[in-house]
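Letters A, B, C and D mark the chains in the order given here, with residues in each chain numbered from 1 onward.
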Amino acid sequence: MIDKYIYELEFKVRDYECDLQGIVNNAVYQNYLEHTRHEFLLKHNVSFSDLHIQGIDAVVARVDIAYKYPLRSRDEFVCKLYVVKDGVKYVFHQAIYRTPDNKLCVTAKVTTVVTINGRLASGYELFDGLAEVNNN
Amino acid sequence: MIDKYIYELEFKVRDYECDLQGIVNNAVYQNYLEHTRHEFLLKHNVSFSDLHIQGIDAVVARVDIAYKYPLRSRDEFVCKLYVVKDGVKYVFHQAIYRTPDNKLCVTAKVTTVVTINGRLASGYELFDGLAEVNNN
Amino acid sequence: MIDKYIYELEFKVRDYECDLQGIVNNAVYQNYLEHTRHEFLLKHNVSFSDLHIQGIDAVVARVDIAYKYPLRSRDEFVCKLYVVKDGVKYVFHQAIYRTPDNKLCVTAKVTTVVTINGRLASGYELFDGLAEVNNN
Amino acid sequence: MIDKYIYELEFKVRDYECDLQGIVNNAVYQNYLEHTRHEFLLKHNVSFSDLHIQGIDAVVARVDIAYKYPLRSRDEFVCKLYVVKDGVKYVFHQAIYRTPDNKLCVTAKVTTVVTINGRLASGYELFDGLAEVNNN
């Protein structure tokens, strides 16, 4: 299999992210996934917060997250992604792997659209350069 | 259409739940969904935290969330649910409606399984009484 | 002792607010305290988020929190407050009591100032009406 | 002035940590401060979560936080600390500096005690080695 991921970010679990089951709370993975997307954009000189000030928002329309294996206190991990453009949608394919053993913890598909001054846009130039196009 | 929801919980957005876009952060909806499931269980005398102490954990295996309309500072809303048992899985169907105008904000399907002392169980009696059975 | 509190808000602990010690995480009490202040202001027709849009921000300069007794899963509680104006500062005195047994869990002193377009203001009319004045 | 800090940890603001004022929410700084304390302990082979399992808990009794300057989206910063033992208390003195300009954002004094099986302990050997003693 060819690894399609084009970006990855390193993290370490923080104790306050764990809940009374002693594992990272399910909602927190969305924080990890979001931060990875925003850092990916920043690396390409696209700032989520600056875009917002200009009236351009990347909006999450849908998330599908599969929880494979829980992260715990002190675990280190990487969050990876690649993006596919599908019509007006930018679909982020993301995965979280515990390190150093490379245990797969989460896979996610995060579907986003762009709004400009609150209206759905057919795309956004700066994002188009980062996405492969779905020709299926 | 017959409304299948069997439980609902009222909420109000708290300002710290909003992010720099001025709307409730996507991850926070998972908090709302989780709290509603736990309160639903409590209403039926099943405590998530007590179960955990007994070695019985309801574990989220998958979430599919569709974000329809954002909640903002001061919005009030209800989170509704019903549960379907499908093999070893308990699938929570949830929705968030802003009140009083009943605007649909989020729909979600949250797939959970039960582990007893860390091992997947075929089900859990107390949950079975709360779920309809999927005969499809 | 005369109870000086002029506002109180009811809460219930949500499981995601508890950490791996099985108690509400220390940082979460600041969320409770903030939400209570904002709801208090709203009750007096002052909206934190609307003020922000107008360039008026209530800014926390200092918090002193004493943790007396931990809240746990399923606990219900009230958060109370009164406000004293002291020079340019509005000092919120807050406390959290578990219900129904009235166990004192947290006391806090939250010192805020008002900025208008980013500059420190000597006060803000709408807040002045809500605060007693410190003549000490 | 001699810098007394004996540990520091690097961070970067994550967008979900910012609130509708566009700055890091006040409660989130407690997360930063806590994570820094726990990583400091880990560096000395003391694990907060392992201790909890053994019935030994480091409990925050009091926090005093002064907010000097807000952190924003994309800011990088370091959180520093040193510890003083004062009777049964371990007092963490912490500060947050934005990098690379070394702007002071937060100072904090976090007073902790140790409980063993829920009872206040006069101290904990592993912590004593990390703290200077207050002879005032």
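Basically, a contact is a pair of C-beta atoms (placed from the backbone, for glycine too) under 8 Å apart; a residue touches a chain by one contact, two chains touch by 3 or more.
Values in this document were obtained by computation on a predicted structure and should not be read as measured data.
Seen from the C-alpha centroid of subunit C, the farthest chain centroid is that of A. Where the sister copies subunit A and subunit B meet, the same residue numbers recur on both sides for over half of the interface positions.
Separation between the centroids of subunit A and subunit C, computed from CA atoms only, is 34 Å.
Centres computed as Cα averages put subunit C at a distance of 22 Å from subunit D. Inter-chain spacing, taken between the CA centroids of subunit A and subunit D, is 29 Å.
Residues of subunit A found to touch two or more other chains are 15-16, 18, 20, 22, 25, 27, 31, 34, 49, 73.
Interface of subunit B with subunit D (complex): residues 15-16, 18-20, 22, 25, 27, 73.
Against subunit A, in their complex, subunit D makes its touches with residues 14-16, 18, 22, 31, 34-35, 38, 42, 47-49, 72-74. Those residues of subunit B that touch subunit A in the shared complex are 20-21, 25-28, 30-31, 34, 49, 52, 57, 59-67.
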